[in-house]
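Heads up, the next two complexes both have chain A, just with different partners, chain B and then chain C.
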Partner chain A sequence: MSNDNIIYPSVHSFSNLSLSDSSRTGFGYNPYKGPSSNAITPETSNILINKKTVSLTPTSFDSIYDRNILKKVPEISLSSFSFLFCEIVNWTRNNSKGIQDLEQRLNTLGYQIGQRFLELVKTRERIKYSKREIKILEILQFIHGAFWKSIFGKTANELEKSQDIENEYMIIDDIPLVSKFISVPKDYGNLSCSAFTAGIIEGALDSACFPATVTAHSVPKEGLPLRTVFLIKFDESLYTRENLRFN
Partner chain B sequence: MKVYSCLILNKAGGLIYQNNVNPGLNSLSSNDFLVLAGTLHGVHAIASKIKPIPSQAKDDIGVTNTHNTNTNLIATGKSQNANSNQSGLQTIETDFFNLYIFQTLTGLKFVIVTSPNPVVHNLQPMNDFKSISRGELQKQYDSTVKLFRQLYLLFSDFVMKDPFYSLDMPVKSSLFDMRVKELLV
Partner chain C sequence: MSSYYFVIIGTRDNPIYELEFSSFRSGVSGIQVPGKSQFSPSVKEILPFISHSALDIIEDAQWSTNSFNLGKIDSFYGLMINAFISQGNIKYVLCYDANGSGTNGSSSPSLNKNDENSIKQFFTEANELYVKCLLNPFYSVNNAITSPDFDHRMKLLARKYL
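Showing the complex of A and B:
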């Protein structure tokens, strides 16, 4: 078989493997060997029993799963993230039927990240203060502060309570990282790509048992054309709960 | 140096962005700008082909080449090496305006029109031919090189990372507009 005809998995280092290679941990699938490379032998079962974590890809000794989860993640290039997000928006735009649908889809994508990120931030915090927010204000402060910082590297600019409506709160970010380079054309109306971030907040709040709907609205101010308000509308039942608990 | 106008051409020579940053230039219609863009694109392409044939230049390097450089030096007062136009047309200097072109690796062209070179009264005679520095006249060129770098940076940030921009089409990004004005005004 000539080398050109083989389609390798996307991991580039796979292409450097050969028949005689075995992984560092004794585990892992080698495309050259085929299924037999995953066979369980006395040797490999020994590894399985004695090691707590086993990397299943032969080259993944520095993959995300092998790093200590409690350690701070290395920073990610804003450029590469921006290009990725640019493609995400493009892809959702091609699939969506309208502006509202597009925002909803971005929100859904962010939602899953929020659910996971809450877990991660809390795990990292647990060593220092083992505490779970049970009040509305506390969870909002956590989102506005620690949570925002671990995602975007800075805290959000303002946290406000709506004056007119009881169950609405606002988190305001002057320069939202996600849509830093995006200028929405006029024919897209009041679309805000920060709907993605709104989804992250919503996901985190929902998994923390604070059911809410979060929407992003672009509210430019002089000198701050990207200023975005994240409107958080909590579920009515939440207030009943809070009243029962604390009054 | 005052920047009057800034243009961006795509790799086919089409005008994708035009901004009259500072007033002062005789106003051209949008059609004229398109023609200007196309012309510059063509001239730039031809200019990048004008250069001595390497083998010939090597043969009579002792005689003609130095002779040519010397006549050039006497005629223009500028020391230039033979390969200076390898990347095409870079500047047009006139009494009324200067025009600078910068081409990126992808074939995108940034063009800015600026005020002409300042009149330098006590221009030092160039005694030392070995020093390539063109003194006062070089300064304006150097500052445009910096401007082009900044422009390129803004373009790759605010245009290329914008999901609503389609490649080689006119730039409508309001953020880019704002940043360009901040940079050039």
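Showing the complex of A and C:
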């Protein structure tokens, strides 16, 4: 590859980078070369000292790095989200082999959202008070409270601990946003499209080092036909750590 | 003037971004490029090992304190190691040589406190940059960050705070 190739910020270009690639502009990290790939040169030093604006990529002038992510973003319309989610479920259903597979796929889609939101919400929260969640109960309260609020605009309704099983917790949402307009046909059994939300929780917990499996179950109550229980089953290894650290 | 080695380490102990630089508040200009790291070649090659060996201490501190900034956690023959950890288990490690401001070893405590504060600021904003990168749907956790824009912003942060 010639040196004229700009390194674009995408996964695709990453796989194209090799030991012989060097950035044309002097900016951009190449993992195969290590810190020598983006070492400060006379040219880049000059740009940095004089705060010159440079166009490194086609998106340099309206890049995400210049936006303020700490500000609360305006809410999006529920109907447009519902249309999008409807299409997501439909697309997933066409690709899936069965109900379990469908739930698994929705879970996977939610997973990466959870990973991202965890960091984002924590970064936003840090302005007010800086605290990292290191205990099981604290992270659950965080998910149930601040995390839920920033995604769905309200906190979840209940947070419960399973009475029979030590490592199981439940987050209960009376009116889950994602499945507000979804009615499941009879032949789909106990499919719950909130598997998507379960994936979000699982992604957040996993990346915060609280490995867990999260499943969504529809448990209707009188007056609340959409009531959903998110069952969180923590990994056993987590309790070893918790016992060592806090007992 | 101090030289710095900054590395962001992913959840599988893999480096996702590295940067070597020196303080831009250079006293002697004209002789060398401001910002260019002054580590000797023999130090350069062990820097990744030093930061890697600090991971054990970071992971211990991770579950004993609930702050993001872990402060100075380790040192290795005159090299200091500061660390910061995010909720998503991404570690930010900064190695620097302490004999920067004046050759008399330990400088005044007030200056040290200033340094600690600016490193904390640097970490906080580096974390913010990382989160922005993470919000890109084409980026997934533990990928190396190859974006020139990210690199540019990170170097501006280095210039601003260190």
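Criterion: the second predicted complex is superposed on the first by the 180 of 247 C-alpha atoms of A that agree within 3 Å, B and C clash if a C-alpha of one lies under 4 Å from a C-alpha of the other, contacts with A are read in each partner's own complex, and residues count from 1 in each chain.
Here is the rule we go by: a contact is a pair of C-beta atoms (placed from the backbone, for glycine too) under 8 Å apart; a residue touches a chain by one contact, two chains touch by 3 or more.
All values derive from a computational prediction rather than experimental measurement.
Undergrad: For A:193 in the superposed arrangement: first (chain B), second (chain C), both or neither?
TA: first
Undergrad: Applying the document's definition of touch, where does A:225 land relative to chain B and chain C: first, second, both, or neither?
TA: So A:225 only meets chain B here.
Undergrad: Quick one: classify A:83 as touching chain B (first), chain C (second), both or neither.
TA: So A:83 only meets chain B here.
Undergrad: Which of the two partners, first being chain B and second being chain C, lies in contact with A:185: first, second, both, or neither?
TA: first
Undergrad: Which partner, chain B or chain C, touches the larger number of chain A residues?
TA: So, of the two partners, C touches more residues of chain A.
Undergrad: On the A-aligned overlay, A:240 touches which partner chain: chain B = first, chain C = second, or both, or neither?
TA: After superposition on chain A, A:240 lies in contact with neither partner.
Undergrad: Once the structures are superposed on A, label A:120 by its partner contacts, choosing first (chain B), second (chain C), both or neither.
TA: second
Undergrad: After the superposition on A, what does A:100 contact: first (chain B), second (chain C), both or neither?
TA: Neither: A:100 stays clear of chain B and chain C.
Undergrad: Inside the complex, what are the residues of chain B that reach chain A?
TA: For this pair, the touching residues of chain B are 157-158, 160-164, 172-176, 178.
Undergrad: Which part of chain A faces chain C closely enough to touch in the complex?
TA: 6-14, 17, 23, 25, 27-31, 34-36, 38-42, 44-45, 48-49, 51, 54, 56-57, 59-60, 63-65, 67, 69-70, 112, 115-116, 118-120, 122-123, 126, 130-134, 207-209, 241, 245
Undergrad: Given the complex with chain B, which residues does chain A contribute to the contact?
TA: On the chain A side, the touching residues are 79, 82-83, 85-87, 89-90, 93, 181-185, 188, 193, 225-226.
Undergrad: Touching residues of chain C toward chain A in the complex: what are they?
TA: So the residues of chain C touching chain A come out as 5, 11, 15-21, 24, 33-37, 44, 47-48, 62-68, 85-90, 124, 127-136, 138-141, 143-153, 155-156, 159.
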